[in-house]
Structure formats: C-alpha cells, structure tokens
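By letter and in written order, the chains are A, B, C, D, E, F, G, H, I, J, K and L; residue numbering begins at 1 in each of them.
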Amino acid sequence: MSKVFKMIELVGTSDLNYEGAIQNAISKASESIKEISWFTVEEQRGSIKDGIITEFQVILKVGFKLLD
Amino acid sequence: MSKVFKMIELVGTSDLNYEGAIQNAISKASESIKEISWFTVEEQRGSIKDGIITEFQVILKVGFKLLD
Amino acid sequence: MSKVFKMIELVGTSDLNYEGAIQNAISKASESIKEISWFTVEEQRGSIKDGIITEFQVILKVGFKLLD
Amino acid sequence: MSKVFKMIELVGTSDLNYEGAIQNAISKASESIKEISWFTVEEQRGSIKDGIITEFQVILKVGFKLLD
Amino acid sequence: MSKVFKMIELVGTSDLNYEGAIQNAISKASESIKEISWFTVEEQRGSIKDGIITEFQVILKVGFKLLD
Amino acid sequence: MSKVFKMIELVGTSDLNYEGAIQNAISKASESIKEISWFTVEEQRGSIKDGIITEFQVILKVGFKLLD
Amino acid sequence: MSKVFKMIELVGTSDLNYEGAIQNAISKASESIKEISWFTVEEQRGSIKDGIITEFQVILKVGFKLLD
Amino acid sequence: MSKVFKMIELVGTSDLNYEGAIQNAISKASESIKEISWFTVEEQRGSIKDGIITEFQVILKVGFKLLD
Amino acid sequence: MSKVFKMIELVGTSDLNYEGAIQNAISKASESIKEISWFTVEEQRGSIKDGIITEFQVILKVGFKLLD
Amino acid sequence: MSKVFKMIELVGTSDLNYEGAIQNAISKASESIKEISWFTVEEQRGSIKDGIITEFQVILKVGFKLLD
Amino acid sequence: MSKVFKMIELVGTSDLNYEGAIQNAISKASESIKEISWFTVEEQRGSIKDGIITEFQVILKVGFKLLD
Amino acid sequence: MSKVFKMIELVGTSDLNYEGAIQNAISKASESIKEISWFTVEEQRGSIKDGIITEFQVILKVGFKLLD
C-alpha cells in the first residue's frame, strides 16, 4: 500500500545556534513520535538582550510516516 | 532545558468580524490545549449571501509550549 | 454539469474598519452580479491625514457561479 | 455556536498520478478523522528511477470541523 | 499595432481530475469569449465526503487577445 | 458613499521597452473603460528570436472607480 | 521636481482590534514624522493568555514624503 | 565524502495531462543525465485552441547527484 | 572588523520611466546618506489620467555601509 | 514527439537601463545556445556610486527548446 | 498606553557563520539603539573566492520599542 | 563590454551544519567552474534518524561570470 506521511510544525530554541534549535525541537518531538524522518526550515528568528543574541528560534516542519 | 513549541492551524468563523473569528478558534482550541500563547493570521476569507457577508473566516496558526 | 465560477478583484473602502470596506465592495458589486458567494482578502492598506486613519482600503477577490 | 475547523498537513504518494496521491492521503487520514471536508494542494513532487517516475508525491492540507 | 491581452480568473470543478476541472472552466468561458489562448493554474483544492474526493477544484487564469 | 474600485489584469506588449508595453495595454483598455487611475506591474517577460528581444511583455493590473 | 517617499516598518499593538493597533502605531510615529500619508498591512499576529486574546499585533509599513 | 546534487529547470509538454508532461521532460533529460532522482513541480500552464486544451505545460526542477 | 549595512525603503517617481524613478529616489536619499552602494526593486506601479501614464512609481530598497 | 524546453538563470548588466541589461544577457547566452525563445524577469537590482546608478542588474530566466 | 515598535533592516557579515553575521549586525546597531529585542532572518547569501566561502551575509530585520 | 553571469542551483549536504553543507556544494562545483563568486540560500532541510539530525541539506544558487 502507498505510504502516507504527516507533517507538524514546531518552534525550536537554543542559545547556541540554529542547528541546536532544530535538534532541540526534534528531540522533544521524538519523545512521542518515533518515525520522524525529515524536516524543513520555515523561518529563523531570535531574541536579543543588551545587544546580545539570547535565543535562536527556528520554525520548522517535521515529517513522519503514518503507520498502517 | 530549551523550550519547544508546537503550532497548529485552525479556521475560525464569526458573523461579526475577524477579531471574533480569531477568538472563537482560540476558545475552541483552549478546551483541550492549555498553553496557547500566540497566533498568526494566515488568510482571511468569508461567505456572502444576497450581497451581505454572512461569515468571516480566518485561517490562523496558534502556538503553545510543549510540556516537559 | 459541473459548476464553474468567476472571480473578480475589487478595492473596497471605509472610514470605519476593514469589515466595512469589504461589505462596501460587495454591496456595490452585488448591484450587477447576483450570485456572489465568497470572497478572499488579498491586501489591506489605508490613507492617513494628520496622524489619523482616514480610509481603510481592502483589495479582495469575490467569487460567483457562472449561470448555465 | 460558530464553527471551528482544524487543518493538518499530509504527504500522499501514488505510482499513478496526483489525484491518486491525494486520495491515498485522505483515505489514510479518514481512518482516524471522520469529518474531513476539504483539502488544498500545497506542493507537488516526485521520485524518479532510470528516467521513469516511480512515485508522485503531494503535500496537502486537509480541513475538518472540530466537534462541540 | 501591438497586441493586448486580458486575463480573467475562473474556478473549474470536476469529479474526475484536475485536467477535467480546467477543461470545464475553459469550455464554459468559451461560450462567451472566442479567443482564449492560454491558461495558468493558480491553486488546486477539493471537497471530500466520507473519506472520498467528491470534487476537484482548480483556480486558473485564462488569457485572450483583445480585438482591435 | 464610499468609493469602490475594480482591478482587471492585462498583458501589454511592445517591441521597444516595458514602459511602452504598459502604455499600450492601458491605451487599449481605455477605449472601453474611462476611469482607469492606477496600475501595478505583476510580471515582466519577453520573446526572443535569433538572440534579439522581439517583444517585451508585461502583465499588469489596472484599477478604476466603479461609477455610482 | 519629482516626489520621493520613504517607508518605515512599525509594529502596533492594541487590546481591542487590528484597526486600533494600526492607529496606535501611526499616532506614535506621527509624533516625529508629520507627512505620513499611507500604510500597508504586512502581517497580523497576537498574544493569548488563558484562552483570551490579550493583544492584537500588526506589522505595517507607513509611507511619507521626503521634504525638499 | 558528502553528496552534492544539481537541479535544473525544464518545461515538459503533453496533450494528455500533467503527469505525461512531467514524464516527457524527464525522459528527454535522461538521455544525457543518468542520475536524475527527484523532481518538484514549479508551475502549471497550458495552451487552448477553439475552447479545447491543446497542450499541458509544466515547469519542473529535476535533481541529480553530481558524480565524484 | 566585519562590515554592517543598513537598508531603507523608498518610493521614487518619474514621468519618464522606471530607471528615472529609481535615480530620483537615490538622488534624494544621497543628500543625507553618502554611502549608498546598491538597490533592489521591490514593486513597480504607476498613475494614469485619461488613458496616459502620468507617473511611474517604484518601491526600492537602498543599502549603505554603516560607518565605524 | 512532445517538445521539451530548458530554462537557465542569468544576470545581465547595463549602465543604460533594464532592457539593455536583458539584451546583454541574451546576446551572451546566444553565442552558445541557438534556440532561446523567451525570458522572464526574476529580479531587478543595481549598483550606485556617489548617488548615481552605475549599473542596472537583472536576474532573468531564458528558455530554449531541447533538440531531438 | 499601548506599545509601538519599529523594525529596521540590516545586513550583517562574518567570515565564520550566519550566527556570527547576525550578532555582528546587532552589535553595530546596538551602539545607537538601546532597546533592540528581536530579529528575523530575511535572506542568507555569501561571497566566494577560489572555491572558498569568504563571507557569510545575512539580511535581517531587528525590532525595538519606541520610547514614550 | 558589460558583464554577464550565470546562476546554477545546487544541493549541498553535511552532517555538521548548514555552513558546511554550503561549502561542500561550492567545493564540488568549483572543480569544473572556476569563477564562482557568490551564492544565495534558497531552502534549508534535513534528514533525521532515531531523533537525531543525520544530514543538513541546503538548496543554494551559485553565480559566476561568463567568460568573454
């Protein structure tokens, strides 16, 4: 039977960089969804305090196969 | 640990205005999701009958924190 | 036979709010087109004088069924 | 009370055509969601092997009414 | 003298596929406009009932030469 | 009463430049529509033969007031 | 001499509605810029607490003539 | 070593449907490029004569691995 | 130290063509900003009276280096 | 057999205007590609020195038929 | 009174990575603007010499509260 | 004579980060193209296995001068 996938939208954060923010979002989502196999970056933002970036924020979509 | 948020997409409706349509969608979603903290408007549409707007429709995304 | 619809693009104005600007455009179009059944908001703009909004302007598309 | 809808994002696949890929995604989603009433096509892609399309892939959103 | 074209926006429907929905819109428009020579697909949507696609809907623009 | 405008989409052509292509479209439309007051450029294209541009093509929208 | 305008980007907020959020941004900007004559809405967002919209946020651009 | 892919843009045509137009473009490209493994649909258009679609046109990107 | 640039958004006008409208905006901005080094065209519009283009309008962004 | 076209992306430059920048790109490409038959403008930019436009830059796609 | 924010557009550069390019732009802007509190990434580009990235460039918008 | 550039689209991959994925694509392309001088990031994606990012993927365009 043909495969069907679902995509959900997450916001990951990190005080290090965007790669960390993506991994944090995926780690959290993987606690309840086992089959996550790809992601796309939708938007990159961040917070600033006193001229310093305090948080990198990434909006991403993650895709996973719906089980039969 | 870094925060992670989820965003879901809703369509709210109202016969009054767009602000009401947004609030209606959020009120409904808040019955099952406690931590909704922001929304973005994605699209505004509506229905017409006999030259009168009968329904304002708004597609919005709402974001909420995933609990640890 | 399958239904076919036409969409036309209008600009409505109001000194009150966007909902009024949409309704004004639809009221005008309904004088000559009877079957308008939906609209989509494409763009929202406005005019300002002395720091006060004097006109809300909305670009919208309205759709109506082509009669057999 | 005003209606509220939810939209979720799916990827359907088919080795025949895009219409089949959409139907496959909806059939799968309908196993757990009863009230799906519309969809929008977001993106069309596909896989190729030896110069032949082996899979049509469609990213779509499906909308359904949230029950009271 | 240089050619000038007009483009109008239509929604075609079909219970078969998108190609049929496009052709249905063009057939209807051709009853009153003779010179339609091209189209572009703007959006693809559809209706669902009981997990089955009941209608493919396509928003398209059709272009035709304005006669001298 | 509040003003309402209609926008229609045209394709103008010229073998000189884009400004000429826009003016040609507007001149043609003005034969039947008196109140055209603004335009927006949507897309710029062209035809080539033997390495030379033979036609500049511009897709534009023109707006005009609907009379009371 | 030909006119030249500048556009700046603002975020207005209101606990009432989007029209109020736009007016608030323009009122603030008008304290230092006298010639603001139009605006365009770029994005609409908002904050939520306990299922209630607490703030409407609008990103807008305002345009004003540069003085000679 | 990490993989690198190239994407090129093609226009495929067919008098049958979009799936055929995509396959025709890929068949042609596969004569000179062996490793094509995916495609994305960028735009769908077509030609019309006497109210009948005479050609489906699809703009697509195809991706293939650059050999080491 | 690494370079940082600022971009501002302008609307230039001309009764001749778009190139003139861009130059007019840049000439005006250069009265107060010395280091403008590039621009991007964001939107092209215009005004019409009696079927004749009376003003070409271009929305552009101009970029300049922030001095140390 | 059905026609297949390829599109490539170029940046043309001119110190005169955008039409010249497009023609320059096409003239260069025509040295090695014989069948170029259309182009689309993707982006318009430029360089400035001392408040004067020194170079108009246009990103364009050109399309040509792949030979059998 | 309701809060109003301004957003300005910057280009940051770094020879290390995008996070560094963002921080560099914000550090520079913070010399004259104290209240910067968020940013959004609009575009990512870069320069290359002899096959090596010599500069990461990021176009970003930064937002800050307008003081009462 | 005026300069003309070509842009090609690549997908770079890395198991480290996006900067590495971009550099990998450029290194590969530089084996056959000497004059690459800039790039733009078009899309960022990635692969996941067991909740861990296994590959960062970046779609980029690289530009280079066409030789006389």
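We take it that a residue touches a chain if its C-beta (ideal position, glycine included) is under 8 Å from a C-beta of that chain, and two chains touch if they have at least 3 such contacts.
Just so it is clear, the model here is predicted, and its values are computed rather than measured.
Looking at chain C and chain I, the chains that touch each of them are F, G. Contact with chain E and chain H alike is made by D. Across the assembly, the mean Cα position most removed from that of chain C is the one of L. Chain centre most remote from that of chain A: F (centre = mean of CA atoms). Chain pair E-H has a twin interface among E-F, A-D or A-K; that twin, with over half of the contact pairs alike by residue number, is A-K. The rotation relating chain A to chain K, fitted on Cα atoms, amounts to 120°, rounded to the nearest 5. Between chain E and chain J, the centres computed from C-alpha atoms are 31 Å apart. Chain B and chain H have Cα centroids separated by 38 Å.
Multi-chain contact residues of chain E (touching two or more other chains): 8-9, 17-18.
Which chains touch which is summed up as A-B, A-D, A-K, A-L, B-C, B-D, B-G, C-E, C-F, C-G, D-E, D-H, E-F, E-H, F-I, F-J, G-I, G-K, H-J, H-L, I-J, I-K, J-L, K-L. Those residues of chain F that touch chain J in the complex are listed here as 17-18, 43-53, 56.
On chain I, the positions that touch chain G within their shared complex are 8-15, 20-21, 24-25, 28-29, 59.
Remark: chain C residues 17-19, 22-23, 26-27, 30, 36-41, 62 touch chain B in the complex. Contact residues on chain C toward chain E in their complex (touch as defined above): 2-9, 61, 63, 66.
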